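Chains: A, B, C and D, in written order; residue numbering restarts at 1 for each.
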Amino acid sequence: MSDRASGDDSMIIVMSSDASDHDVAHVVERLRGIGAEAHISRGQTRTVIGAIGERAQIQQLPWEAFPGVERAVPVLKPYKFVSRDHHSDDTIVDVGGVPIGGRYLTVIAGPCAVESREQLFAAAMAVHSAGANILRGDVFKPRTSPYTFQGLGEKGLELLAEARQQFGMPFHAEVVDPRDVELVSSYADMIRIGARNMANFALLAEAGRQDKPVMLKRGLTATIEEWLNAAEYIYKEGNHQIVLCERGIRTFETQTRNTLDISAVPVVRALSHLPVIVDPSHSGGRRNLVAPLARAAVGVGAHGLLIDVHPSPETALVDGPQAILPVEFAALMDEVRAVAAALGLDLPPGRPR
Amino acid sequence: MSDRASGDDSMIIVMSSDASDHDVAHVVERLRGIGAEAHISRGQTRTVIGAIGERAQIQQLPWEAFPGVERAVPVLKPYKFVSRDHHSDDTIVDVGGVPIGGRYLTVIAGPCAVESREQLFAAAMAVHSAGANILRGDVFKPRTSPYTFQGLGEKGLELLAEARQQFGMPFHAEVVDPRDVELVSSYADMIRIGARNMANFALLAEAGRQDKPVMLKRGLTATIEEWLNAAEYIYKEGNHQIVLCERGIRTFETQTRNTLDISAVPVVRALSHLPVIVDPSHSGGRRNLVAPLARAAVGVGAHGLLIDVHPSPETALVDGPQAILPVEFAALMDEVRAVAAALGLDLPPGRPR
Amino acid sequence: MSDRASGDDSMIIVMSSDASDHDVAHVVERLRGIGAEAHISRGQTRTVIGAIGERAQIQQLPWEAFPGVERAVPVLKPYKFVSRDHHSDDTIVDVGGVPIGGRYLTVIAGPCAVESREQLFAAAMAVHSAGANILRGDVFKPRTSPYTFQGLGEKGLELLAEARQQFGMPFHAEVVDPRDVELVSSYADMIRIGARNMANFALLAEAGRQDKPVMLKRGLTATIEEWLNAAEYIYKEGNHQIVLCERGIRTFETQTRNTLDISAVPVVRALSHLPVIVDPSHSGGRRNLVAPLARAAVGVGAHGLLIDVHPSPETALVDGPQAILPVEFAALMDEVRAVAAALGLDLPPGRPR
Amino acid sequence: MSDRASGDDSMIIVMSSDASDHDVAHVVERLRGIGAEAHISRGQTRTVIGAIGERAQIQQLPWEAFPGVERAVPVLKPYKFVSRDHHSDDTIVDVGGVPIGGRYLTVIAGPCAVESREQLFAAAMAVHSAGANILRGDVFKPRTSPYTFQGLGEKGLELLAEARQQFGMPFHAEVVDPRDVELVSSYADMIRIGARNMANFALLAEAGRQDKPVMLKRGLTATIEEWLNAAEYIYKEGNHQIVLCERGIRTFETQTRNTLDISAVPVVRALSHLPVIVDPSHSGGRRNLVAPLARAAVGVGAHGLLIDVHPSPETALVDGPQAILPVEFAALMDEVRAVAAALGLDLPPGRPR
């Protein structure tokens, strides 16, 4: 733990070319009023004020609302605890005995939604035998249209727990309502906050109060900074077991469902100590993109993969077009293992606890 | 009411150039299995199948997961009740006696967040005397950083109710947690679902069960179709009093906080019977853009405006850079009235109930 | 003319948290080597260096390539002559006797492409009688597909010159190849650089050497800063008669061809002295959006409008879906005049020279 | 060669819910007028017309300008010759004896701009000894600001030719003006059209008339379909030796210069027979992203890499922040070779002709 998080900060305040001396003095006075230092540099057309003091104090004031201020540029990031400045070593998250982070490459796979016992067990058997480490399967689905399948609820969690027992692999599932977080958390080895809820602060806070790891997917439109801010919400409530998951952002390109921002992986690894995985299924949205994007994710340095596998995609109630077949998953695992070995990465050891 | 909503639908299924006759037959068989008709057109390089049948049945099947299918293009929109196909006349929503919709131009103004009795009453007096129709003021704030002001909660609602009494204007406030919806709804004349929560389906469903109107802001990254789908969630729970609010989308341009999608207003007016207003404050994010964007919104045909006014923006705890001063708001109202008159629009009549 | 353009500048260089004293000294030494001053502020986790000196010198060095540098934030804009810092009054451009800029609202209308004498003259008569000030009509078309109509070339310019003679209105036309700029310039009253060529620097430079005004459309993906940089290219070659034209940017929304960035108008008016107009036809891409977007443009403060009018849109060889009919244009002009009058704007006086 | 390119096509025309029988008849009549067949499907709320006939004829008509037409959906792509439908095997392009395409992984490296003999030769020696196959080095630079270095011109080409001689590796360089294409083509083994010029059709046409291969970078804002259309422009002029290069698109994320659209590689490989490489330097814009993105590109299936290497990035006149050092390039080549071997790819054989 570092004390830097509560330490000093700085903000750079650029005055406009027509700012008066009075405008500059007003900013300086306000900075001093909150106990901050003000360093003034006068150029030929612009005056620049460097502010040093308490982060929370300085960032809270609406500097761009002050007369004569052209813009205010924060020097430090708005998040603290999830930053590498705060904790320089990689965090390794434990999901029911399976590690995510560091030099491990962890594979999470299964059906997008739990639809029935038969479907779940067929998928679980397939991903387990091909070498996946953690099972996925959702029981509450946030759907853009209210006229589509919304999930099995607690019944689905019971099936997942049964599959965990049978195949000896931990599972994780999505939460979409703050009122369901405790329920899902009582069954699952990791809970997930999906892309649509990344900025649902009530849900983040509830997840932050659980003692299970949280996977936090990046919002379709979230900047990396906003994503890390969302992780900070969870962290600050006391839950430090967070796995980030890149799953594509919204752009103008329509050939893919979303645009996988593969660069986000090394960017996040530089900014944060938290592990970051990639979801090649939801980003591309097409079955034939899953394997190439999974190989790219391993190449770029992701700590893991989250992959939709369905025993019969054309009967899937949710996201069928992107689910791959068990046989395709097994072939993908072979490629993933080859690339991981070439880069010196380890797949997590055999059986979880 | 039309019965078309539960009526037939069609999907166009384009087969890839290497699809086999068996692939085509498989799609046709599946369509017939759900009681739909299949019309086949064979071109030189592609076969196209037109499907006619029950919307819910056809749209639920993952056609793009079928072998040989290149893409599936829905002919009808995924939403029904909020569509002009369903209800051809403009809906006029009643907010505590003030109409929004049709030929009215309704102005909602006040501070972004309720900070104190003094701040709220100074703002309310100013917007009331300049001619605003409805007061805004939030008591729960979704903030991207956990280290900033989160709102006054119920105490703020009491202050808003007091301001309503004193100035004779209804008020509305945001909800961010499904567990708070009843509370806010018991005080406010309209509840609001903010941009970050547009796809928070638990919150949408809760709002759909209230007997107060709901303002639904467009998500930063939501397509117009997704926005209308979100409105459909509310509508289908039984609450038909919905006001849409365009507030800017996320693009590559950084000179403005978001890019106001002014074209969304006429597009929504063509697709839906619901009223649609514009928020020129949060879209631009800068005080000097509020008046031009408000005039643009009236010009384009918005049914109303949502404007941040703060008696002292540089002390604002939330979004100070975009709040305008009472004197600026009064000048803006003069311009708005002039443009509205030039276009034959009515400002809502004097005093609400 | 101000001498500030060649004056001093500043850059803010933020060092990373693990930068060494040697890294800081290296940056300072390099700044001094180019004759700049370096002001150092040391915070608890970051050192910030403020650089003051010659703009061109400081901006050319790749600061982010220096060891220990986290980022470099320029204080001044990269463009100079097109900035309001350089010239504070509005520039009014003269197009064959018709002014664009200041308090004028100038309407440019006609067919997207010149297709035939009949089509051009029917359109020109219609827009002239409805009150347009300048005729549009292109003879070289940049088309995304090589299999579509590419324009009439010089033959079209002759027809345009004939129409100018007959209706007494100046005309403008697009240039797409540096080798054609002189030709078009010898006929037209204003040349236009289209959105796809906004960053075609060879074309910009050629346009900058003509003695005719240039309309510079914003690229689909250009930031406002890049657009002003492109104008700077033209200006610096000696041609100061530049009209900017906002025509929509590319975003994720697909209901419209592009997203009209209406906020760009007040942003550009604050940053630059050049006039800025709006093209409501190409931004929306749909006939029923032209009138609402044109009214929005007048409301927001645009100096003019550029509108596609075609006597028979369904036979148009280019961009038929967005062209409006003469009768629709006449109705639109009535609305535009009403909004302009409400805002105190002038339409340019009757006959050009 | 297939004759399908000039074969039949189809367009799906969806009528709006309020289209009259007359509107439908009008569309059908027009289709028959151009020799096309019209297949009509009437649903409960919409009529859909399937059109089959000559591609050029059907795609040229502005269907969305017809009364009662809601939208027109093309079934075939607008490009023909660059499509896999036209040519099913991978094209392998020969660049001065070095292959790009198929199972080869080809590495192109060198300085962004040729600055001096010393700089070029130091870079060329470094990339050659580390195993690069083709040298890069530009002599005409399109810069967003007119105040920055614009390139050495023909002098630079002479230096490149000398380096080719000395190190026995072919080179390629960018063209930015149609008037310079023959000059560059007379020296270089491959010419390149940069991202800013992807839609500069005059330049594309000129490149299409050369007998040297062309590398076509994707525009920052270009969809994959527009990119393939641009390739079609070159192809149709007679030059079939085209290499596509993905280099990032513009999105809202600002942590990286652009967002590398890694998914574009498998999408292009499915749609086209042309080889597609990745530029990890310009997409990320930061030195520490080059190696991870290069590994991702190999993982995803790119046919090659284009990498900026500079002997002294902090003195680079262009794009210093993204250039890697020779020692970093050598380490990257080791990783690239390991991943390529794991996936069964070949690096091109030793010495070119």
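Here are a few things to note about the model shown:
Basically, a contact is a pair of C-beta atoms (placed from the backbone, for glycine too) under 8 Å apart; a residue touches a chain by one contact, two chains touch by 3 or more.
Computed from a predicted structure; not experimentally measured.
Each chain's centre was taken as the mean of its CA atoms, and the one lying most distant from subunit A is C. Contact tally for C-D versus B-D: the pair with more C-beta pairs in contact is C-D. Computed from the mean C-alpha positions, the centre of subunit A lies at a distance of 31 Å from the centre of subunit D.
Centre-to-centre separation of subunit B and subunit D, using mean CA positions: 39 Å. The mean-CA centres of subunit C and subunit D are about 27 angstrom from one another, to the nearest whole unit. Residue positions 221, 250-252, 254 of subunit D each touch two or more of the other chains. Touching subunit C in their complex are the following residues of subunit D: 30, 55-56, 59-66, 78-79, 142-149, 176-179, 196-197, 199-203, 219-221, 226, 229-230, 232-233, 236, 250, 286-287, 313-314, 316-317, 319-321, 323.
On subunit D, the positions that touch subunit B within their shared complex are 4, 7-10, 12, 14, 17, 39, 41, 43-46, 48, 50, 52, 73, 75-76, 85, 250-252, 254.
Residues 221, 223-225, 249, 251-256, 259-267, 270, 283-284, 288-289, 292-293, 295-301, 335, 338-339, 341-343 of subunit B are the ones that touch subunit C when the two sit in their complex.
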